[in-house]
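Each of the two complexes below includes chain A, the first together with chain B, the second together with chain C.
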Partner chain A sequence: MIWLVLSLLLPFITAVACLRKERCGPWVPRLSLIGAVLQLGSAGMLMNHALEHEYVIIHVGAWAAPFGITLVADLFSAMMVLITAVIAVAVALYSMGDIDQRHTQKHYYSLIHLLLMGVNGSFLTGDLFNLYVWFEVMLLSSFVLITLSGTKDQLEGGVKYLLINILSSILFLCGVGLLYGKLGTLNMADVANMLSNHDDALLVNSSAMLLLVAFGIKSALFPFFFWLPASYHTPRVSISAIFAGLLTKVGVYALIRSYTLLFHSQFDVVQDVLLFLAGMTMLTGVFGAASHFDIKKILSFHIVSQIGYIAMGLAIGTPIAIAAAIFYTIHHILVKTNLFLIAGLIERRCGTTDLKKLGGLAKASPALALLFFIPAFSLGGIPPLSGFWAKFGVVKAGLDAQHYWLVGCALFVGVLTLYSMTKIWAEAFWKKAPAAGKEQKAASSDSLPKVMVIPCVGLALITVWLSLNPEPLLELSTKASEQLGNPQGYIKEVLGK
Partner chain B sequence: MDSVILRTATRFLYPLLILLSLVVLYRGHNLPGGGFIGGLIAASAVMLRALAVGWDEIKASRILKPIALMQYGLIIACVSSLIGLAVNNVLFQAVWLPTWYLPVIGKLKLGTPIVFDIGVYMVVLGFALLCAKSLDSNNN
Partner chain C sequence: MSLLITIMAGILFAAGVYCLLRRNMTKLIIGIILLSQAANLLVFTMGGIRAHQPVFADSETGTVAAGHADPVPQALVLTAIVIGFGLMVFTITLLMRAHAVLKSDDVNEFNHTDALP
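== the complex of A and B ==
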């Protein structure tokens, strides 16, 4: 139980400690790293507890379930908290090389840890309004982070990001307000329980749709995805990486939680919509990726198409499909964060991420090429890399449930994903280096700092391990999905009936 | 801006407003008020003084350092949640001291909720001051 509390407290304490930049000076990046490592430890213990006890539950302030705020860690939440901590360590390490004095002065480290607290809180809360509050914690810090350098393109991206997310928050609040007005409760288990004995179609459909749009915006589903490629490539790479890895997944988590718990009894209301949205999200994302020529922009569009795969798992809704969606989420967080971090290494080395200006990297730096190869082709779904198992799971679930056109769509998108990854590979690594100016040569002569390379190698190793040995994660995802498929168990545990 | 009327009025209003903010802070547990609104009242008092006598005096103050206020406020709020964890093994559970009776105020009930509110008060005060300071036209 203490581990659940620590998952929220540790990032908070780290953030507060990093606030005294004048006093701690050069210690701030180290403090942030220590905080992240401790967080990883506590997340690991939480995972352990969740495996042992199924549900770890805290009633904050000792107010019993439907009245107070409940924090719940089931297997799915614990997995998400654990993967968040892994990303936190990687990004904290990478930041030591990537973040300069100016950004540290602007409270970069505090903001990152507040963001992590918001993410963890969203994964752990069992209360709808509390989920909204954690979203706001996350959004407030991300608004500042996205515009931290204050350049023109960051402000432009930041304004788009701000406006669309405020809209999403308002819709979320409307949905929650409707539910609260009708049911008089905000506790997720209680809402789920009441809705399953409720046949007021108007109430259920309206709030289910409002939440779908709100979470759809957060997770960048079609047709609400446009803000993501417009803003994610602008901030520092460490910030982009943590956004790309975690923020959209919080939206996905909220979607999965809503439709397996809150609206589990009326899943068919949204299923058709979700199936359609999942297909369109995959397609539009990958078309966007295919048409761009900047590594960071391509990667941003890929987030959208990959979210489509996860949504497809949720939309199919069978236990195996949900398990595949969870597996996909974990795989995608690891791979996508790593790809952004590596894009940062490429930028560091060559001074640009524009494919037209890049070239010859395979010859100039074979180690970087290998490092890029693993997550890139894992994302593309080449066997035996982890992306293959993830895609295989989703596609198999689709075939089992006879959603043939969606499966066709997924396979087609897989080919296009591979195409755009090959494009990066061919342009940046294989193509002959363009007639390099003096400036570019100078940039490539200094070697990459170790603190930036280590996290990329670490994440790549985890990906390789998952690829060669997908069994444990698959088993864990299946267990988590079984738990999600049994909302009665959750309701019983939380309400204590 | 330099106005005798404003300066003289502020000399009396400032302590009164700070006192009001503390009263609002204290009654917040069961009545309208609390750390947030108390902090805002305190911040408006400080801003009034800044308008009357200028920011230099505020900046020289040892207490009114925005970032430090926010940091200590966060720490205090955090500690108040941990007291419940330490005493009753439940995060954020209220722990109350025995009720005292004081001559003027009457019943005085102190516990962790008010500690939490004090933290909020400091964070809001620090935040509002930081915003106001950044908007000050003489600030570079």
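== the complex of A and C ==
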């Protein structure tokens, strides 16, 4: 119980502690790291409890559901909170090297922890309006973070990011409002319960579609993704990394939650739309990535195409497909954050992430090359790396459910993903260093700060461990998916009937 | 009253979308403001608007009279207004900064971060 509350309180306390920067200036990064580590501990305990009791539930203020706000951690939520904490520790450590005094003065550390609070809140809430509020907590801190340096690119990307996300919040609010008007409740379990007793499509379609668009924008699904590649490559790399790892996944989480719980009885209404969106998301994302020549931009577009895979798992909707989607989400968060962090290392070393100006890194720093190799080719889905298991799961689920064109799409996109990863590999690591690159390299110091390398190595090791030993995570995902596939259990636990 | 507010919300949505589709930055802000107000009105009307029927329980029986006004949408709308207000302030500040740095109020000129090599 206490761990559920701590998952929200710890980031908040850390954020407040980091605000006192005048009195404990040099301590702020350490405070943030300590906060992140504590958060990891509490998330681990939460996971433990969720495994033991299936559902960890708190009715805030002891107002019984459906009247009060309920916080619920089932296995899926607990997994997401745990992986969030892992990313938090990695980024907090990395920030100690990446974030300079100027950004610390601008409350970088507080904002990061407020963002984490918003993310955790979104994963844990069992109330639709509360989800909206957590989204706003997360978005407001992300707005400030994405424009923190105030450069031209950041302001420009920030404007797009801000406007499209406000629009998505407005649509979300409308969807929530309409749902309340029709059902008179916003507790997710209660909504699901009421809808499973109605088969009136008119009752839910408007809200289901509004929420689909709202969450689609947040998770960067096909027609709504343009804000992501326009803005994600502009901020400091620690900020990009945490955004890339977590923010779109909150949208994906909300989608999965909506269509396995809220609208589970009307899933067939949205299934065709979701299948189409998933396919198009994969394709457009990977085409965008193939056409770019900057590491960070390529990686940004890859977020979009990978979201397509996760959405594909959700759209197929069989238990094995949902399990594959969950596995994919965890794998993707680890790998994508790591790739951004490593892109930051490359930038630190060579002064740029533009592939045309990079080169010869495999010779100049073989360790960095190995470090990049693991997550990059895991993303590409080379066996036996974790991406292979993730893709294999999604594709197998697609074949079982006989969605052949979607599977074809996924395999084709896999090849193109590999192509653009190979492009980075060939251009940045194998190609001979261009003349200009040498000067830049001489300008920057050769050794990278340890605090920046350790998180990358740590995340890479987790990826390797998942690759060689995918069984525990697969089992956990399957369990979580079984739980999601049985919304009656959730409803019963929350409403206490 | 409900009908009037519903129509008003509809008009606000239409005006907001129209403003958003302009290229001018000021109209962008106005569009966002109008849209968020429209959403607030929508949530507000969702509980049904009833006058003279507050949600106070009768002190003797402990029950609420039938057909009372629903307080939840009002609570929701208050929250949404406060959040929307904060968002608006940040939007305006950001757009002012962007205008100062990019020296343009035409949204079509905001295309450097998308450019292909």
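General remarks:
Here, the second predicted complex is superposed on the first by the 490 of 497 C-alpha atoms of A that agree within 3 Å, B and C clash if a C-alpha of one lies under 4 Å from a C-alpha of the other, contacts with A are read in each partner's own complex, and residues count from 1 in each chain.
Here is the rule we use: a residue touches a chain if its C-beta (ideal position, glycine included) is under 8 Å from a C-beta of that chain, and two chains touch if they have at least 3 such contacts.
What you see is a predicted model, and the numbers here were worked out from it, not measured in a lab.
When the shared chain is aligned, no partner comes close enough to touch A:Val451: not chain B, not chain C.
In the superposition on chain A, A:Phe129 makes contact with chain C only, not with chain B.
Applying the stated contact rule after C-alpha superposition, one finds that A:Met194 touches neither chain B nor chain C. By the touch criterion defined above, A:Val16 lies against chain B but remains apart from chain C after alignment on the C-alpha atoms of chain A.
Legend: residue contacts after superposition of the two complexes on their common chain; A:Gly177 is shown touching chain C, with no touch to chain B. Once the two structures are overlaid, the count of chain A residues touched is higher for C than for its counterpart among chain B and chain C.
Of the two partner chains placed by superposition, A:Ala369 touches none, neither chain B nor chain C.
In the superposition on chain A, A:Ile58 makes contact with chain B only, not with chain C. Interface of chain C with chain A (complex): residues 20, 28, 32, 35-36, 38-40, 42-43, 45-47, 70, 72-73, 76, 79-80, 83, 86-87, 90-91, 94-95, 97-98, 101-102, 110, 112-114, 116-117. Those residues of chain A lying in contact with chain B across their complex are 5, 9, 12-13, 16, 19-20, 58-62.
Across the complex, chain A is touched by residues 67-68, 70-71, 74-75, 78, 84-85, 88, 90-94 of chain B.
If you check the complex, the residues on chain A that touch chain C are 129, 132-133, 136, 140, 143-144, 147, 150, 152-153, 155-160, 162-163, 166-167, 169-170, 173-174, 176-178, 180-181, 184, 186, 226, 229-231, 233-234, 291-294, 354, 356.
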